[in-house]
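Before any comments, here is the structure.
First chain written, first letter: the chains are A, B, C and D, and each begins at residue 1.
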Amino acid sequence: MEYRLLIETNDEKGLVYKISKLLFEYNLNIEKNAEYVDNEVNKFFMRTVITGEFDNVQLLKDLKELLPNESEIKLSPNTKKDIVILATKEAHCLGDILIRYASGELEANIKAVIANHEILRDLVEKFGIEFVCVSHEGLTREIHEDKMIEAIDTYEPELIVLAKYMRILNPKFVKHFNRKILNIHHSFLPAFIGANPYKQAWQRGVKIIGATAHYVTDDLDEGPIISQDVIHVDHNYSWENMRDAGRNVEKIVLSNALNLLLEDRVFIYNNKTVIL
Amino acid sequence: MEYRLLIETNDEKGLVYKISKLLFEYNLNIEKNAEYVDNEVNKFFMRTVITGEFDNVQLLKDLKELLPNESEIKLSPNTKKDIVILATKEAHCLGDILIRYASGELEANIKAVIANHEILRDLVEKFGIEFVCVSHEGLTREIHEDKMIEAIDTYEPELIVLAKYMRILNPKFVKHFNRKILNIHHSFLPAFIGANPYKQAWQRGVKIIGATAHYVTDDLDEGPIISQDVIHVDHNYSWENMRDAGRNVEKIVLSNALNLLLEDRVFIYNNKTVIL
Amino acid sequence: MEYRLLIETNDEKGLVYKISKLLFEYNLNIEKNAEYVDNEVNKFFMRTVITGEFDNVQLLKDLKELLPNESEIKLSPNTKKDIVILATKEAHCLGDILIRYASGELEANIKAVIANHEILRDLVEKFGIEFVCVSHEGLTREIHEDKMIEAIDTYEPELIVLAKYMRILNPKFVKHFNRKILNIHHSFLPAFIGANPYKQAWQRGVKIIGATAHYVTDDLDEGPIISQDVIHVDHNYSWENMRDAGRNVEKIVLSNALNLLLEDRVFIYNNKTVIL
Amino acid sequence: MEYRLLIETNDEKGLVYKISKLLFEYNLNIEKNAEYVDNEVNKFFMRTVITGEFDNVQLLKDLKELLPNESEIKLSPNTKKDIVILATKEAHCLGDILIRYASGELEANIKAVIANHEILRDLVEKFGIEFVCVSHEGLTREIHEDKMIEAIDTYEPELIVLAKYMRILNPKFVKHFNRKILNIHHSFLPAFIGANPYKQAWQRGVKIIGATAHYVTDDLDEGPIISQDVIHVDHNYSWENMRDAGRNVEKIVLSNALNLLLEDRVFIYNNKTVIL
């Protein structure tokens, strides 16, 4: 079995030595290894892909003893993670994930797609995936979110992918799924925060449009950025043209970010990401 | 002699027919022709490169008669334009223009470089170009700007290039050189408006940084965008690394935008540009 | 009804005038107009989007009289074109088109997907689209192609999209569907022509990989290029990683090129394209 | 003093442990650390930035004892390297380096610029840098190269930068400066190998042009690739327009690759590079 070992701790002399010594004593094969030190805040990050026969409970225990108290240590098996996808009406991001899923390219089990509209049911059910509609009609935001939380919790997902889920999330929701929510924002953040960024971009006369995949935290559109990309546009683009062209960027950026999360490659700190 | 004919007018049926008829009657060769119609605001834009023997005063007169009253018509010869460059301390944008100039690649006469520091004098004078320092030390912004205006006016430039001129401009200055000022902003506008955008970008943890060349209008960083580009960065970049990498984007974006202006390819309307 | 008028002819003075005069006399609205002249070979290209009430047979006749004999004139209505998609085993390009189709974003009727393997049947039939398998097992290339031609002809497509159809095409096939075949090549042509370009690219140690959408002509991978794009890679990529990352480029480049063809925006000459 | 330690060796279990143990015993600070293992060929690469007080001769000796026999170990101080630049007639790549040099941004001492034409003398001498013309007029390629070798050897450079030096190099020259020659090729290798790649690219009708920085080995344009980038072009570009636009890519790609070499970040093996 292959495991990914992720360590985040305060930097100190000899960390690599101590950790690599322990892994050597466990007689593990190190398939990949990457480290990063942020000297400014004195933080050490390490991601190691290990194989071999070992007692992973004991390894975690030994690592905890070895490392400073406040360290975060994660030992994640290379298996498909359970995910739930949230959507509203647009098919491009969801569709891109579904096609990867159907081709066996996605390292995840899609437990369900949950949406606040019925529009995407037909597409999702084509792929034999459960579709749940939690309509927001006639409900307060709070009550709707409680129903969403309940629906999501049924599937116990390790990750929630907002594939153009067009509802603002309350702190309660975000807190409930802390560090588990991936969003695609249809602009090159931090430009054009808020509603209809393509129209904003068009009005501003930009020559580039982009998309941003990020973790969701309390502030809308302000979470740690995982991936971004852009394409060039010109005066010939109406805002609808920008939106259509932007969809290609959105779906690729979201799929790339999702792959990074499924491979346990992303650390979060100081509202930023380190990707190893 | 080659001329660029630029027409901006209200759109109406038969415009291309009328204009091309006149040019045909003048027996002109049309080397290039491009049109754009913004259906939303009913505006027609046309740029035509013409050669041949003709009376350009008469042509302009005939065009004015032909077209609606509020039309803007410009007939610009394909000759080197006189420009003045403003700078402060950084050499990369200025240096890129100087190298192009020295190689004969720049379609402009650099009449002078005017800066508020002495630092770049040595570099500029290497190229046999006049360097003028108008220090802001001990002066109010208003008085410094009056001196800058006076210094610039001496050279009667058709275009003023802000090659990392790090001073905010007052409306008086902008109005005095209306539609003549090209700026490079060291970020992907409209993100990170204001001071030290690289530090802002680094703090936000972005995965892309960019630069924007734009006309200067009253609002700082809010003028019509001419050109933008970006590069990918990651967590390994300190903000100084971002700044250094960003310099490459800045200088290329500025030089590209400058080329577009020197070729009379840029129309301004509604705080946007049409580039034909 | 909206029509796209495409004209390709030898350049001569007054062409725009003559054509725009005729369109004016027909009282047509010109929604968009673009021209291009290749001075080297003296060729004139024009694409005009027109609306209005008119007799299109008469307009074509009048244009033919007006223009030099060897002109190519095409008047194409803004309606969905019938297309057939060819595939083999890979789902990413096909899947991207299917999702667009299901969302109503594709300006085409997919008449059928024809493949030489059964693998993609399940995916295609999910979308209610006819899937035809023409297996090449035990057949000569010639006989297989004859069966493919026969199968395709049933649907009378205006355009054939090779969405990762991994068979070399004989001249007979290409001639039968002259200027109707769009292919996606999984490399940045003209680099890595031939089999397994990702393995070739990886062995060469490139830092960029790309994809090319092009018309198919007699020479394999040598037809007129319509669209290209690239992504950056590094030493961490195995050739399988390159292939997986390349799939994103392939599907976006193919979809973009397909959009251009469906909008009648592509001219072919001298083994190149002009895109207006 | 800061040193970069570069290790290339056969991979075996415990390498990181052994090396980090030694560095820990030397009480060194590890500022940065990166490793890469190519599992296919069983090669291990490591780059570590170390600071502290230590005997670097002894450290090298200890590392040699620790590591397998055929290991390559390099301990390079963080000081400016001596470089010589070769050029012919074009100023853009050379000029970009000169501006960085004059601004204090280049981590190198330019000992001389050596060219086979006089054209660039004026530009180089503006910057107070020695310019040597070794004309090839009337000389065989062999004799000219011998004179070039002699001229270069005078300056004992650690690195030779071909900034658009338009002469084919013989194996003798390449061998003499083994793994010390950086070249910029004006195309996206391996496309358009050989003379006038922009004309080749234009004739092929490509939609993207690029540049490649690589080490020079015996085969022309076939050395290990360090850096590549591209820009989009379209049918409006003549081959001269492509060349002019391509110059921006060339100079940025060359400067980026030069930075990587000056920072000792590039390993070579199997005609590829690993960049840590």
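Quick note on the criterion: a contact is a pair of C-beta atoms (placed from the backbone, for glycine too) under 8 Å apart; a residue touches a chain by one contact, two chains touch by 3 or more.
Everything quoted here is computed from the prediction, not taken from an experiment.
Averaging C-alpha coordinates per chain and comparing to chain C, the farthest chain turns out to be D. With centres taken as mean Cα positions, chain D sits 41 Å from chain C. Chain centres here are Cα means. That of chain B falls 35 Å from that of chain D.
Residue numbers of chain A whose C-beta contacts span two or more other chains: none are found.
Viewed as a contact network, the protein chains are fully connected, with every chain touching every other. Every residue of chain D that touches chain B in the complex is listed here, in rising order: 90-92, 95-96, 98-100, 102-103, 105, 123, 126-127, 244, 248, 252, 255-256. For chain D in complex with chain C, the touching residues are 36, 38, 40, 188-192, 204-208, 210, 224-230, 234-236, 238, 270-275. Every residue of chain C that touches chain B in the complex is listed here, in rising order: 13-14, 16-17, 20-21, 23-24, 27, 29-35, 37, 39, 232.
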